[in-house]
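Heads up, the next two complexes both have chain A, just with different partners, chain B and then chain C.
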Partner chain A sequence: MNQGMRRRLARRMQHRSRSVAVSIALWIAALPLIYLAVESVLELLGASALWQRPLQVVETVTGTEALRFGVAAAAVLIAAVLLILAFTPGRLGRHELADERMLVVVDDDVLASALSRAAAGTAGLQRDRASTSVGRRRADVSLRPTSGFAVSREDVDRATERELERLDVSPSIRARSRVEAAGVVGR
Partner chain B sequence: MTRSNRILNRLALVLLALLALTAAAFILRPEVERYVLEPLGLAVPSLGLAELGTVLPIALIVLAVVAVIVALAVTVTRGRGADGTALDQEGVSVDAGLLEGLLRRELDGEDEVLHLRLRAFRARHRVLLAEVQVRRGADLANVHRRVARAVATADEQLGESLPLVTHITTGLRTRFAGTTRTH
Partner chain C sequence: MTAGRVTLSTRAIERTFGALAAEELGVPASSSSVDLHDERGSLAVSVSAPVALGRGTVLEAAQAARQRVLTDGPALTGAAIASARIRIRSLHEAEPRRVR
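So, the complex of A and B:
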C-alpha cells in the first residue's frame, strides 16, 4: 500500500461519508413534491383534491402569516443543518495505530478500554474502577480507589503514557489521570 | 471503503441547503423584496403561477418524478463497492471468505478477539477491510500484534500482500461477552 493510498484510506476510515444524510435530505426534499404531484394528477384528471389544488396550496402557504413564517423557518433550519453537515469535518471517534504492513484503525472506545486496563492494573484495582474518555488529542482516566488505599497518580500517568507509546497512536494522545476523592469499599 | 464520492456528498448537501433557502425566500417574498432586493435596487418579476394553467401541475409532476428518481438512485447505490473477491489477477481469483477463514484460523485461541469479518472492496483500488471485534478491556497492543502475525501468515500463504485495512472495534458480541473467557 503506497503512502497516498494509505492517507486516503485513513481519511475515509476516520471521517463520516454523509451518504445517509444525503439520502435522508433528498427524501425530505422529495416528499412535498410527491404530495404536490399527487394533487396535480388529481387536478388533471378532474378529481377532487386531497387537501387543495397545487396553486391553492402555494397560495395558502404564502398567504397565511403564521404558516408562512413557520414553513420558512423550517426551511431555513433544514438549510442550516445541511450546511453544518456539509462543512464540518465529520470526524469519527477513531485513531490510527502505527503499522508498516497495513492500515490499522481503532475505535476510541476500544482505546479507552485499553487505557483503563493499564491504569487499573497499575493502581491494583479491578477494571471497572477505571474509566477513560478519549478525545482526538487527549485521554482522561478516572480512578475510584479502595477506601484507605492510596493510588499514585504519577504511576498511573506513567502506565497510560507507556501504553500509548506502545500503541503509537496517531493523532497522538496525552493521557491525564484523576483519582476520585471518594473511595469505595472492596478491592 | 465504499465507492461513494464524499466530495459529491458534500456538494449535494450544499445544493439541497441552497434549495431550502430558495424555498424560504420564495415563501417570504414580500419581506425579501422590501429588506433585501429594494435596498439593492433589484427587482424580481412576478412568477404569475396562476397564468401557467395546466403547465404548473405538469411541471410539478415532472419535478416530483425527477426528485424521486434521484433520491432512489442515491439511496440504492449508497455504499456500493463491496465484492467477494480478495484477489483477481492473471486468471486467479481468491474469495474474500477464504482469506477470512485463514485469518480466523490464525487468530483461533486468541481470547481477546471475539470475531473477525473480512470484506473486499473495489473502489479506485482493490482493498480488504478486516473488522476485528474485541473484548472489553482487551490488551490492544497484543491484539494488534496477533492480527499482524495472522496477516503475515496469510500473506505468506497467498504469496501477495494485498492492501488491507484493519478496524479494531466493538459490537454486539462485545456487549454480551465478559472481559475474560470463562471455560
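So, the complex of A and C:
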C-alpha cells in the first residue's frame, strides 16, 4: 500500500460520504421532470392529462400565490441543506493510529475509553469514576475522587500524555484533566 | 507504573474511626457507629457512640474523641478528614458488667 492510497483510505474512513446527499438531491430534481415528461407524452398521444397539460402546470405553479411561495421556500431550504452538506468537512469523530503495516482508524469513543482507563488507573480509582470526551484536537478527562484521598492532577496528566504518545494518534490530541471538587465515599 | 495497589475499604475506615472515638469515650469499639460523607473531596466523619461514666465530663470525653479522630484518623488511614462530629447516644457505666 503506497502512501497516497493510504492517505486516501484514511480520509475516507474519517469523513462522511456525500453519496446519500447527492442521490437524494438528484431524485428531488428528477421527480418533477419525470412528471412533466409523462404529461408531455400523454399530450402528444392526445390522452387526457393526469393532472394538467404541461404548459398549464407551469402556469398554475407560477400563477397561484401560495404554491409559488411554497415551491420557492422549499427550494431555498433544500439549497441551504445541500450547501451545508457540501462545504462542511463531515468528520466522523475518528482518529488514525500509527501503525507500520496497517491502516488503523478508531472511533473517538475508543480513545476516550483508553484515556479514562489510563487516568483512573493512575489515580487509583475505579474505571467508572473517570469520564473523557474526545474532540478532534483535544480530550477532556474528568475524575471523581474518593473522599479523603486526593488525586494528583500532574500524575494523571502524565499518564494520559503517555497513553496518547503510545497510541500516536493523528490528528494529534492534547489531553487535559480535571479533578471534580466533590468526591465519592468508598470505592 | 508500579504494579498493584493498596486500597482501604470504606468499612475498614469506618471501623478505624469508630474504634478511635470509642477508646477516648471508654466504651467497646463495637458500640460505636460511623457515617462517612463527602465534604469537597475530603471526609466528613460522624461517630455515634455511648460514653462511659467517670472520665471527666461527657463534653470533655466527646471533645477528646473528636480530637483523636481528627489527628489519628488521617495518620492511620491516610484519608483527609474535613470535619468530625461526635454524637453521644447513651451513658454507660465505667466498667461494663460482664455478661456470662
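Note that the second predicted complex is superposed on the first by the 138 of 187 C-alpha atoms of A that agree within 3 Å, B and C clash if a C-alpha of one lies under 4 Å from a C-alpha of the other, contacts with A are read in each partner's own complex, and residues count from 1 in each chain.
Keep this in mind: a contact is a pair of C-beta atoms (placed from the backbone, for glycine too) under 8 Å apart; a residue touches a chain by one contact, two chains touch by 3 or more.
These figures come from a predicted structure and were not determined experimentally.
*Asks:* Taking the superposition as given, does A:Asp99 touch the first partner, chain B, the second, chain C, both, or neither?
*Replies:* first
*Asks:* Classify the contacts of A:Arg18 with the two partner chains as first (chain B alone), second (chain C alone), both, or neither.
*Replies:* first
*Asks:* Is A:Ala47 touching the first partner chain B, the second partner chain C, both, or neither of them?
*Replies:* neither
*Asks:* By the touch definition at the top of the document, which applies to A:Phe149: first (chain B), second (chain C), both, or neither?
*Replies:* second
*Asks:* On chain A, which partner touches more residues: chain B or chain C?
*Replies:* Chain A has more residues touched by B than by the other partner.
*Asks:* Is A:Ala182 in contact with chain B, with chain C, with both, or with neither (first, second, both, neither)?
*Replies:* second
*Asks:* Between chain B (first) and chain C (second), which does A:Asp109 come into contact with in this model arrangement: first, second, both, or neither?
*Replies:* first
*Asks:* Given the complex with chain A, which residues does chain C contribute to the contact?
*Replies:* Spelled out, the residues of chain C in touch with chain A are 1, 5, 7, 9-10, 13, 36-43, 77-81.
*Asks:* Using the touch definition from the top, list the residues of chain A that touch chain B in their complex.
*Replies:* Of all residues in chain A, those touching chain B are 1, 5, 9, 12-13, 15, 17-23, 25-27, 29-30, 33-34, 36-37, 39-41, 43-44, 54-55, 58, 61-62, 68-69, 71-73, 75-76, 78-80, 82-83, 85-87, 97, 99, 101-107, 109-111, 113-114, 116-117, 127, 163, 166-167.
*Asks:* Which residues, counting only chain A, touch chain C once they are in their complex?
*Replies:* 121-122, 124, 145, 147-150, 159, 179-187
*Asks:* If you look only at chain B, which of its residues touch chain A in the complex?
*Replies:* 1-2, 4, 6, 9-14, 16-21, 23-24, 26-29, 49-50, 54, 56-58, 60-61, 63-65, 67-68, 70-71, 74-75, 78-79, 125, 127, 134, 136-141, 144, 147-148, 151-152, 155, 161, 163-170, 179
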